[in-house]
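To start, the structure itself, in structure tokens.
Labels run A, B, C, D and E following the written order; every chain starts at residue 1.
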């Protein structure tokens, strides 16, 4: 896996789902939905608010257990009972709610669940954390994203601005994802500069051969990055389109229901 | 950037509401849905279950008017305190002083009547006022000084309890004296019969308090504000809720209801005694009822009906176990098991009902 | 003449029970009379040993001359008492002997077993032949079964002629006549609920033993509520003024009266003498403690059970 | 006040602030900042993540009490000690954190603090809420925003999708603001259609003569709507520009520090 | 749309970090800043204040080695229980069974030695194991069955307390017997002198537990996970924390530490008594210390050092007031006032330090 730039359409999807259903009381969040992610590609998922995009990626990443349907990773059926299991399989997710511990510091949040221990006896016997190292890496990752306004790396996450918080979450996923990276609206709260950096980061990750699922409402960004676009509507996959064959207007018309796609594309 | 078309204009969609089919499978789902919509019914289911089990084991001895109403009488004080406690817990607080306020108020009512010769009705009113006042102090410390409710009411508990002993000089007012000289103090203990059931005004008062609070919490702005403050005080304030006013009203109302519990206590015990165990164990009993009833200790979630049933569940277990012949120590142990069991069943019903 | 350097400590089980309140009043009065200092301490609940230990330590740190203590845990407090005695304090057990009794320098106590035995014997004589068919409920103090509660209960059982089982426990009597054991916390609330529970277990109860008079008053309310106040006999222990008044009013059949004011007064005087003259008090003849006496109070005396009248009881009650 | 469309630059600002300072421990969120909102205008506030935009509008709307500096409403010095006081003066704010009670329903949240009571004795004596009416109005307001995917108007807000939640908050502010409406990134989580509706709503509000403060990272939106643009950088007002005189690139360059504004414009 | 220029390319800014001037005005601000950074120092300030006040009032009698170390001895049990309680509260739980576990463990240690003749060291180990086991049960119910910790530990409290009475048959093991036949049981009570100060192994154990826990909570992944779970359990799980494992370890460790408290109790009281009041009042005392120490009952915030100082604050007040001769009721009342006061001062220091 070392293809650069363009997506490679192998026949076998790396992550896929069949016939997923998830109901919350009277609300049907996912309604018999299929889903496919090919190796090395950037797959954008677009759709109205409440269409069920977040629910879908939660179902494939173990954060929610679907009522019906199956999930496959590299062709093998998987049943994730918790996000930890998905992570152990190399699936890293930035949830829309960010999944941060508000009272803990930036570095603590970034390394949550995979803290770095000191070297030598302090680390192996006394299991002492190497706070300095974690802080340095955290600072570095944030600088990579252009988040230079964070004045104090030991600030609690709850005291960060909305965009800073999102930046921390994205940096975390980018740093640790190994097989699939899922980003649910990663640039929603970000400024122009920071958004740009995230887009660069996404391209960079793909160039390392790791496929990415990108949920976004920003059409220019989606059309700029995506290899394929999954259009979600009313809990279902409406169609998958190739951004080179359609315009942004078409995509928006599909997702809002103004226009019907002729056939399932791509 | 590639496609710089005016894509945003493509949104003039058919503006119709999203619709999915709501169909579910038959009666079981219907029941589950009902339970899910009104979670306070869940403790009721547990309660009915407990009553049925004991009725099967103990037969008519248990499942009779007098015994079932005896449960109501035994829980009336805890029930009223739990109603008061619910209010505070809904605001994400906790009130450790409920029992102490009840005892102190009853002492005030009694001593004002007998020590100073104040007419009983006025003494009762003064007792209610003192309870409200104590609540106001706690409320002020919680809301203005922003101290944790646990600490404020823990301190108040000790202060009120100590004041109670110091003021009363540990003297009990005997029931004979109350019956002869100030029957109004014992009013809440008066009983009337409905068929084979025995009901006291205290029990009626408990039910009334629950009904009124349930209405206020559900159907008035004040109730919505109580939930909002408990849910996320900061968000509520940003959204325009008067946090201070709401908290003050809650703590004062709690103090007032506790004082009513004090009056009910005089009716139930006949006498006025500063050393009633409610002062010490009333807190934990009321909190237990609240939590069994499904109100979250983190505030903002749950209903007062659940609390009422929660109090009855504990009362039913206690009486049922004693009648089944468990001795006091075994009863304690079994109640522990049953409390956990009751809440586990509750949780389970809620889960499948999703 | 004041003795600023002499001070005493009074440590009671709780300070909410009227019995201990009276004890404190007696001690305060005696201390004022003698011109010595007095600090009084109490546990938070019945059976609270830790707070009593802390209180003893405080007395040592404060340089008190002596300690009067009604121990919550008679065996448990012993090593702490030893530390106090080692530090030169006179320790007198009030109301409750320590375990072993010589852990304290002296004991001024009611014989709680005797107090229980008196009401038991009285009840049996009152019932006559019907005693064979008695249906007995006992309303005790607390689940932890502290010694005083056990002594009173088991004394009552012996007096009434019930086989004790283990004399260190209540509730294990092999006799069918005892149908219910409840705990009452020694107050009206516990008394009422306990009585209601016992009546639910067996509605034919006709004799009720109560740990003290507040519990008896609560039990009476429960009986009143179902209209059985006249056919059930209640006996109790303590002899406080409201309790004796309740005997006069027919709420309680008979009660064993103790004399906490005397205990406290004698205790303070003993500490005073120890501090000023170095003398240690002697126990009563034939006992390992100084008996401050107990009397059955009733207006229905029976043969073979010595008693005093309600009138006399009211005169000597703690108020 | 019935001017339509274009902004009217009267000499007197309706809401202004002088020399505001707010420190959090070592972090300086607002650093001697000035601020002015003219009657009837749409003022956009732009700036990097963590520049202090949210802190600034919190300070002028009573949600945070500044350490130094003064706030003026219609020329009169005001000191808001809580958001309620600001609201009583007609200032309505959508905070970036949305300020919702998660466990309560959409209607409850929308009418929080100004519930509608039943008519007649039920309302005046028993203070009974008119739930049906509130639900109807809530549904109406959401439909106006194009949020048609909300299936159950009695859903708890915590179960809404990110965009749906934001829609509820925006609908609330638009419905009740009377003197000034402040929107902190109102379209961050919204879809294309819903964003469009919010922009229309903003124009509609201005046409009713009510001035609006709009914080946004979406430059096209800002340049489309704003009458003036307040550029915020490192806790300070860097400059105020007229969107007709500058390009988006200029604005971005100013706010990221790539370029210095020549003089304080507009 | 007007300006469709490629504005996003304008971002190649000078990528330097934001810098403001951090200068503040002198020593007061320096102190405030320190307090703000390490909030656990605030209870320490309150504690020192209390000691100074009592030293002024009571003089050398109070401010002496023996008396000050007496405070340590008097708080050792509550201090250890509070350390255990802190762990649970940090995970947004609460443990009402801490006192009962301590008493039951001490009874196990004693009865195993004397009833079955098991060597004391093994009996102690078994007692510690039982404590850990009880914690494991609570942890499992909280984590797997997802019951509210309040209910689980309330039930456990009753179960353990009743088991304790039933198993021990209410028998006390006397100190003479322990001294003669199994001195190891009383090991924690052994005292040694450092200058005029008297220290017992129990006190050393308490300090050690606090030091170790403080280290683990601050400097190991486990500690970070405990905070994360308490802060927002769902977010922590999404972020990859093993919620179940963390909760289990916390409740088991809590049970283990409570059992150590039971062993310390044997040392302090000399005897083994099932009716030790710690079983009943230990919970509220430990929670009080935790809250005074500044740990939020909502979890995720606070430090264990604060809790240690919190326990000492209460101990100092109690001893000081007792030595000053306040009677029990007045002591109760004043402690109530002081608890509120201490936390108010704490709050005030934190606020000005912002």
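Basically, contacts are C-beta pairs under 8 Å (C-beta built on N, C-alpha and C of every residue); 3 or more make two chains touch, one makes a residue touch a chain.
Just so it is clear, the structure is predicted and the values come from calculations on it, not from any experiment.
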Touching subunit B and also subunit D, the following chains: A, E
Far-end chain from subunit A, centres as C-alpha averages: C
Centre-of-Cα separation between subunit C and subunit B, whole angstrom: 36
Centroid spacing, where centroids are CA-atom means, of subunit B and subunit E in whole angstrom: 30
Geometric centre distance via CA averages, subunit B-subunit A, whole Å: 45
Residues within subunit A bordering two or more other chains: 24-28, 50, 97, 148-151, 192-193, 195, 219, 234, 252, 256
Sites on subunit B at which at least two other chains make contact: 1, 4, 6-8, 11, 13, 18, 20, 165, 329, 332
Per-residue multi-chain contacts in subunit C, two or more chains: 15, 45, 143
Touch relationships between chains, expressed as pairs: A-B, A-D, A-E, B-C, B-D, B-E, C-E, D-E
Residue ranges of subunit B touching subunit C (in the complex, touch as defined): 61, 67, 70, 73-74, 165, 169-172, 174-176, 191, 198, 265, 268-271, 273-278, 280, 318-319, 322-323, 325, 327-329, 332
Contact footprint of subunit E on subunit A as seen in their complex: 63, 82-84, 87, 93, 95, 97-104, 108-109, 112-115, 117, 126-129, 131, 143, 146, 148-151, 172, 192-193, 195-196
For the subunit B and subunit A complex, residues of the former touching the latter: 1-14, 18, 20, 22, 33, 36, 354
Contact footprint of subunit E on subunit B as seen in their complex: 1, 4, 6, 8, 92, 94, 141, 145-148, 150-152, 154-159, 161-163, 165-166, 284, 287-288, 291-292, 296-298, 329-330, 332-333, 335-337, 339-340, 343-344, 347
Residue ranges of subunit C in contact with subunit E within the complex: 15, 24, 37, 39-45, 47-51, 53-55, 57-58, 61-63, 72-76, 78-80, 99, 143-146, 166, 168-169
